[in-house]
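Each of the two complexes below includes chain A, the first together with chain B, the second together with chain C.
Right, the complex of A and B next:
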């Protein structure tokens, strides 16, 4: 008897507690034909930690401010149309916010404000998941935020002119962010990192962006793994950074007068493993980049597989495959402070008498012509001329002009699988 | 006119009899076929073929042409004793050489392409066009050389020298120019230099037709702009035609007045 009474009292107390508690999460539905018709109404009616479910429909709204912890979920992809007004569509200024399952489109282009589809500032633990953003100037914009998760979004810009389009996923002064399985197409920069640390970019697809597929500056201790960077205006740029890990990415079809697979500028102590560089004008362009470990990459049919400037020191290229590139390596100096060893070069024509799979003759990957053209660019017009073939052949036998120190003393006879 | 056709007919039979020409066509066939079989795709095959035809066509045309004219010297002298116009004999000789050479080149290259499928038709066309132009140009030069020098050994030496100049020395000079004047904008002089040498012109045209222009950065962009526009193509064709016409008429002039 006593137990039942205590139980009843407990239930009563719980009921009262739940009724009066301001933090008890509620669920608010937004429905074009329901009681709450707009998302802004739902947000202003909600308390912290509520959930707002938005039913499929067409919502012409913008400048939605989320300044409290909130879960915002769209069912069956409701459309939020910003009608090109000069503001963000969703602005998040609070921690613990989830935004998931929306189609967000049409943000006004502004030269003054970086308008975005979803802008997150000063936030901790937010999650932006499975949204589709079209014509949003900047797509997903994170500033001064930490511990966020950006997963499975699609950001598609209008991609007409560089000055009229923003970045797909833009991070500024953030840390510990994971960007995973997103698809960024037709923006200015696909993914943009500035002053970001300890973050990871994984399994993304970045293509047809006007400038860089990935633009990466002052962002230490980050990694990007298993991404595809295909046919971007100028490829991928990684600059002024240390401790980066780049693994299993594919850099493909970045072809044009100033396009690279990967541009490295002032990078140090970083790792480039298992990537594929295919059909790029320049596979890797390295400037002022020191102590890089470049291993097990495939360089296939690039104009230049690697262009390494004289201000790069202690870079290590080993066990890479260089296959059918017009030029394997180019440099602008007679000196070389970098190490090439145990790579496979398809141009190598030495022999292997003791069958240990290492060629017995060293390979000089810098041909005379590639050296001449990096000294004097217009000389490239003599490409494939008989005269140049003779020069290259002569230089191969007695290297005198090309950097003698830049040599692979143990070239592999067969490519690495 | 009837005489001209008769002479042409005889020259054609005579050139074919020498079997050289068949060997020439067959070698193009086998090389093209080999490139395809060794895994070259259409565009790769064309680049390899370009290298090859830029070496083979000029040297074969100029050497074969010179030797042929020297060997048919007695026959030409015999013909000239007949009441036939000298120009007709000359036309017969010229076309009798250039036709079989260009046709065996065309057939040799086209059969493998027809078997394996034609890729990049525009690039292929410009490759074939430059090959045929070069055949006409270097055969013309060969005839001039053979008429100019009565001594056979000197003639062949001079022919080799011409080939050597166009395919190697000329590019060496261009390289020197680039080296000496590297501090100046060289794009316009370089366009000029590649128009002036028929071998360079063929090479640059085919390379630009590929995406290789991107490789060439700023230089390539300017070249592509020039050669991509109609005016550039027209100028190139005119230049090639001048290279055909000039040796042809110069040879005709010598032939008409030469005291055999």
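Right, the complex of A and C next:
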């Protein structure tokens, strides 16, 4: 008797629960040969928290608006072709949206609108995963969004003319975003941050972008770790920013008249650890950048390993390897307010009589010629001339022109592994 | 021969007049922030008395440069130019231009300022009540205040 009564009560409760709960999420399939043929139809038929599965096919659609929580999944990479119309292909204006597994291509270039393959505004908890975007002007564009995850996407621009191409992954006024394992190629800036905070960029590959592989503007408290920046107009630019951690990145093959591995402009209180700067015109160019800790980096075969302007104060370079650079350090002033300590310099020809692994004579990383060329650039034509070698040798013995304060008093005898 | 001489001389003199030059987007660098100038909706230029040209990626950077005392450009410029937002790179007189500050404009230096020929051309970009239309001297004050120059 008791059991039956409990059973009845349970049934009643279940009935009530079913009545008051919202409609269960449904799964909607989009298939070119099925009932629902277009993604826009599926989106307008869906309710919040539904899932839309898009079967492999070719969908000529653009200006798709997702204004409710929705999961949009492509199976076997269906193609959404925007046919170069002047709008975004996917616009997300809701929280809790997932977009995964699409090929998204052909967004119209506009002088006025920043059209994008996927544009997300005012969203919380969104996830953009495993998509491939081609010729999308701006690839993935997040504005005023939080707590989003951008993972495993490929963004390939049509970046032939810089002013005609947008940024691969573009963030504006966002916070707590994770950008991981993406591949951004041929855009204006590979990844662009403006007014972004507390975000992380990890394991991305950024290459052949016309301007910068990664570009920070006014974005505090972010980090980028384990990324590759290869053959961009310039590797990374970090500007007007504080508290940035840059670790384990590779800055390679950024060659050209105004190219550098890393441009630091008005940044402070940041960390640059364990990076590799190889084959760049300038490894690091620092202007107006204060209180930076630069440790355990490898500077290999750059034109200038480090160019540090006189307006940089309290930067600390220690335990870095400077190997086979044409110039190790250049500066434009006789003063130096920065510290070089316990670095390895392959150009160092001092000795170590007491065998403590530190050279007994200090090393002056700014050669006379490096100083002369930063005062007068065309003088670079004299590079490797015998006369310059004489001058450099004389300056080493009696330093008179190069900044005397810029010195490594404890140079390492062997590179740090 | 004599005419030839005068002809060449006049060419030389003409070529020395302080004119503005069109910004090459994607090539030129900003003289203030060292960024490559790449967005053709924004940009600015200072032509000095001697004809030296400073290019900028935005009007904000031009004002920042004017405020720097070390080279004293503020006392020795001949003309100031800014890129007309609607024109894809045409320069207009910066002192006569109107400036719109609006969140719908994402200028490269983050102050959301675009330059326009006149009020008609900018009205379509006014999206909210907080958007402001200002002249050059107001703009100077605004940038100095925002950037603490």
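In this section, the second predicted complex is superposed on the first by the 394 of 417 C-alpha atoms of A that agree within 3 Å, B and C clash if a C-alpha of one lies under 4 Å from a C-alpha of the other, contacts with A are read in each partner's own complex, and residues count from 1 in each chain.
Criterion: a contact is a pair of C-beta atoms (placed from the backbone, for glycine too) under 8 Å apart; a residue touches a chain by one contact, two chains touch by 3 or more.
Computed from a predicted model, the values in this text were never measured in an experiment.
With chain A as the common reference for superposition, the partners chain B and chain C occupy compatible, non-clashing space.
When both complexes are overlaid on chain A, the residue A:211 reaches chain C alone and has no touch with chain B. In the superposition on chain A, contact of A:258 is made with both chain B and chain C.
Of the two partner chains, chain C is the only one that A:194 touches; chain B does not reach it.
Applying the stated contact rule after C-alpha superposition, one finds that A:383 touches chain B and leaves chain C untouched. Put simply, the three-chain overlay gives an angle of 80° at chain A, taking C-alpha centres for chain B and chain C and rounding to the nearest 10. By the document's definition of touching, neither partner reaches A:36: not chain B, not chain C.
With both structures placed on the common chain, the touch criterion links A:178 to neither chain B nor chain C. When the two complexes are overlaid on their common chain A, residue A:413 makes contact with neither chain B nor chain C. Of the two partner chains placed by superposition, A:73 touches none, neither chain B nor chain C. Of all C-alpha pairs spanning chain B and chain C in the superposed arrangement, the closest lie 12 Å apart. Chain A uses residues 258 to touch chain B in one structure and chain C in the other.
Interface residues of chain A facing chain B in the complex, by the touch rule stated above, are 255-259, 281, 303-304, 326, 372, 375-390.
Residues of chain B that touch chain A in their complex: 47, 50-51, 54-55, 167-172, 174-175, 178-179, 182, 186-187, 190, 194, 200, 203-204, 207, 211-212, 214-221, 223. Looking at the complex, you find that chain C touches chain A at residues 25-26, 29, 33-36, 38-41, 86, 88, 106, 108-110.
Against chain C, the residues of chain A that register as touching in their complex are 111-112, 114, 161-163, 172, 188, 194-195, 210-211, 217-218, 233-234, 237, 239, 258, 263, 265, 287.
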